[in-house]
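See the structures that follow.
Shared between the two complexes below is chain A, which pairs with chain B and chain C, respectively.
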Partner chain A sequence: MRKLSLERLDALLSSISEKMPLYLPVDTDGGAHFVRFQSGLKPSEKLLPSKSAKDIFFPQSEELVNFKVDGKKIEIIDIRKECEDFVVWGVTPCDAKALRVLDNVFLAEPIDSFYKNRRDHGIIVSLACARPSETCFCQTFGIDAADPDCDVAIYKADGYLYLSPKTDKGEKLVASLADLTEDTDEKPVEDAKNTIRERLAKLPLANLKADAFGAGKTSKFFDAPEWSELSESCLGCGSCTFHCPTCQCYDIKDIDTGHGVIRQRCWDSCMYSEFTKMSAGQPRLTQKERFRQRFMHKLVYYPERYNGLYSCVGCGRCLRVCPIGMNIVKVMKKLGGNENA
Partner chain B sequence: MQEINRETLIAKAKELLDAGTVDRLLGWKRGEFDWDVTPAVFTADNLGEFVYNSFCGANFSKYLIAETRKSEKKVLVFLKPCDTYSFNQLLTEHRFDRERVYAVGIPCEGMLDVAKIRGLSDNVASVTDGETVKIETLWDGEITSEREKLLAERCLNCKSKKHVAYDELIGEDGDVLDSHRFDEVERLESLTPDERYAFWQNELSRCIRCNACRDVCPACTCEKCVFDNPNSGLENKAAANEFEEKLFHIIRAFHVAGRCTDCGECSRVCPQHIPLHLLNRKFIRDIDNFYGEYQAGAEVGSRAPIVNFTTDDLEPSEAVRRDENA
Partner chain C sequence: MPEIKDPLIPAIGVVTDIRRDTPDVKTFRVVTPDGVKPFIHKPGQCAMLSIPGIGEAMFSITSSPTNEDFMEFSIKKCGCVTDWLHSMEPGQQITIRGPYGNGFPVDTEFAGKDMLFIAGGIGLAPLRSVINYCRHYRDRYGKIDIVYGSRSKDDLVDYQEIIDEWATDSGVDVHLTIDREQEGWDGHVGFVPSYVKELNFATNKTAILCGPPIMIKFTLAGLIELGFSKEQIYTTLEMRMKCGVGKCGRCNVGSKYICKDGPVFRFDQLDELPDEY
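This part shows the complex of A and B:
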């Protein structure tokens, strides 16, 4: 465990950014957003960036491959490049866990080489949540906001920043900052963790349980009459999916440039009318089915496929952005009944 | 603080349900917190969950399109003054059957913006409305603020407290106001083209194309939006570049020009806090300047200047010249 005075935070960030690209949440007119660090930029003090660190690993749109067409000749241009190591600073513990959810999907065969490239080179620095919000419910999914699952966990306490490396990547990063930091015992961090856990226990959603959901519950919930009421005013805007750190669906489109093709992928949303449309048509005909898909995927299908792990991390973004105030907490309470008090 | 409360509205709903005037109503359902209310359909059975507070800003007019298709019976809808303009505009466009609606106009003192509240504290336990709004926080004790400072932008610049459509009113009707809603448009007009470009570039670069602005908009009622239609050649789920970032917004602004009532729903719902109302207000102001004052939705059946023709109309070249000199 190492520490440095919070007054020297800028020196620390500058030192990292001299070694490799550093991304961190910075305040903008539209909330905190991840940007590349430049000297003078101040990290946002906000708990939750508007959009999660997912965007850095799985951007909203990216080119996959290009084709050059010359008469009947098609040349395939592989545009993949190995990226350099980089640091993502200030990832919330929920968002760090969300990357594990994405890993299950993108790092299994067939491996998504675009995601893997960034994942291999990205170093996640996660700040424990001293001031959780009323919309936070990471605990429901077994996430400990006092002890993030990441490369380096950081804590702020009594004027110091504490750095606790948790993986080899993290050890290396912290070692490279030795001239700015000093050794410290674990006591202040243990105290900080206790304070965080006391606060987590007091959150309004602290008692929300996911036990009613999980593997094997498809038939129990699929035809539940409650879906009609829950989805009745949903606009199908997809704002919830585009802010969600675990949503992973994408679409692929070929853009004709006149002398070739750019193959692009971009996020898609189960809330959209054209989602997974096939030659036979659209499998989910009304907003009710699309809405159901989103929540069944988070709470039932994903855990069924991946060892009981839920694909919601309780970040609370969907609670904040939905124009009609509908969200996964309301769905869980309505469908889970008493098991979810 | 609103002049009317939950009890007044429930009493009105019960009266109309009991009399058989309506068989259901559109209202707001209680959420987990004070600020996350959800539009919902109520009958006498679930009125317990009905809520009314200063977060009940959703404009119900557009919901009437789907709701009036469900039954021949009338549905009760509560409309704030700004909502009544959208209501009329939808009627002008024949989007729902007026006979299937019972509209009750309700007074409005302005709605609170939860984003402004979050600017004061990001751990909001409860919000108590009043001239001074009290915010109970989880970790910072009680915070208070002048109500005015927490009002939504559209309410600070409210254009009218007058209801332009209703079957019945609760309370006294208000007046069309002299608002400052074009001040910011004028400021943008005074910038150089490059500065203005930079302004919009910065704002629109945050757009994630969630489409919430379009989906909530009472002027956006196409059965299939070109941006969702794979056969349109414009279908686009995310902007591939800076050009596409703007394309969606420019097309949308043009498409609602002359029909946008400036209800402010687009800016309310944008999760990236993009000031979309400024695009719409620029069009409204230009129309006012070029063709004479026109307020969409002020009356049913009016012809918007840009879908109308009179021999006094400004020549297009003159419009362009004036705009360049603006």
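This part shows the complex of A and C:
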């Protein structure tokens, strides 16, 4: 465990960015967003960046492959490049856990090389949540915001920043910052963890439980009459999916530039009617089915496929962005029977 | 460049031959630029074909794995990609990636069984691969019955191969039917589900259904009525797909991805999935 005075944070960030690209959430006029660090940029004090760090590993859109077409001939151009090591600073514990959710999908055989490339080279520095908000419910999914699942966990306490490496990648990063940091005992961090856990216990959603959901619950919930009422006002705008750190559905589209063809993928949403529409028909005819798919996938189908892990990390972004005020918490309360939680 | 191959980056395929089967179905023969079969597959598996700039779509591989020279796809014209495929000339390059999906359990659950293939319309395309595999390894299977129906005689895919090769094999019975009377047709007239019931098959067979959802629904009910159990009946599902490798989310039904865990399922397995396919 190492520490440095918070007054020297800019020097620390500058030192990292001299070694490799550093991304961190910075306040903009449209909320906090991950940007590449330049000297003088201050990390946002906001609880959550508008979009999670997912964007860095699985970008909203990216090129997969290019083609040149000449008469009847096609040339395939593999544009992939091995990326350099980089640091993502200030990832929240929920967003860090969300990467594990994405890992199960993208790193399963056959491996998605675009995602793996960035995961192999990305070093996640996660700030333990000192002041979680009323929309937070990471605890519901077993996430400890005081002990993030990442490469380096950082804590702020009594004017210092504490750095606790948790993986080999994290050890290397922290070792490379030895000039700026000093050794410390773990007591202040243990105290900070306790304070965080006390705050977490007092959150309004602290008692929300996911136990009613999980593997094997399809027949219990699929035909539940509550889906009609829950989905009634859903606009199908997809805001929830686009802000969600665990949503991983994507589309693949070709763009003919006139000089060649770019095949790119971009985020897509199961909330959209086009998502499953095919010439042979439409398996999900109304918004009710599409709405149900999103929540069944997060709470039942995904855990069934991936060892009980839920595909929600309780970040609360969907509670903030939904234009009709619908969200996974309301779904869980209504269907899971813990309405008073 | 990352050393691993990416499943989304395709290879080049050359369409060497295009055969018109019906007014809206053509069969495309595909090889690599070196003139060999693009890859090894199992009956019932699929491949992603694309024309850069138009799009990519998933098709079942119609040819049998026992065909060592090329791969074939019987494709109905019904969208952007298929329109383009239908309008092209032999010699055209396309892109191809695969194989995708589980395929039929031809060497395990099907081994030694009497086989009953039931197809409607373009639904014969995925079954042709299995049928020709079973015909190739004839001694590994019992009797083979093929029930195939379409709107009219002109809509029967692979008609010449059915008449010249399948129907003349020993131990293979072909039962063709069309929806309405037609001049020059002296075969059976009627829908597939009722024809299957009329034929009153012995219930020891392994049945494989593929066709429009309505045909599947009523044929399944008919087979159950005859005394078949769901454990003996297989089908292959169709869903919209983009990646083919269980990641893009489109073909997710319950905890399964149809592209990766399917498209072949037994009906008792389908009972465990939500009814969204």
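Some points to look at:
Here, the second predicted complex is superposed on the first by the 335 of 341 C-alpha atoms of A that agree within 3 Å, B and C clash if a C-alpha of one lies under 4 Å from a C-alpha of the other, contacts with A are read in each partner's own complex, and residues count from 1 in each chain.
The working rule: contacts are C-beta pairs under 8 Å (C-beta built on N, C-alpha and C of every residue); 3 or more make two chains touch, one makes a residue touch a chain.
Remember, it's a predicted structure, so these values are computed and weren't measured experimentally.
Aligning the two structures on chain A places chain B and chain C next to each other without any clash. After the chain A superposition, the centres of chain B and chain C are separated by 90° when viewed from the C-alpha centre of chain A, nearest 10.
In the superposed model, A:V69 makes contact with chain C only, not with chain B. By the touch criterion defined above, A:R131 lies against chain B but remains apart from chain C after alignment on the C-alpha atoms of chain A. Judged by the touch definition given at the top, the superposed model places A:C249 against chain C, while chain B stays out of reach.
When the two structures are aligned on the shared chain, A:A201 is found in touch with neither chain B nor chain C.
Legend: residue contacts after superposition of the two complexes on their common chain; A:D268 is shown touching both chain B and chain C.
Of all C-alpha pairs linking chain B and chain C after the chain A fit, the shortest spans 9 Å. When both complexes are aligned on chain A by C-alpha atoms, chain A residues 251, 268, 277 touch chain B in the first and chain C in the second.
Against chain C, in their complex, chain A makes its touches with residues 64-65, 67, 69, 72-74, 76, 78, 80-82, 105-106, 108, 110-114, 116-117, 215, 218, 222, 248-254, 256, 261, 263, 265, 268, 270, 275-281, 283-284, 289, 293, 296-297, 300-302, 304-305. Remark: chain B residues 31-33, 35-41, 58, 63, 122-125, 138-139, 202-203, 206, 208-212, 214-216, 228, 230, 235, 237-240, 268-269, 271-274 touch chain A in the complex. By the touch criterion given at the top, residues 1-2, 4-12, 50, 52-56, 78-79, 82, 89, 91-95, 212-213, 238-240, 242-243, 245-250, 252-256, 272-274, 276-277 of chain C touch chain A in their complex. The residues of chain A lying in touch with chain B in their complex are 28-31, 33, 46-48, 50-51, 60-61, 131-134, 199, 202-205, 229, 232-233, 235-239, 242-243, 251, 255, 264, 266-269, 272-274, 277, 319-327, 329-330.
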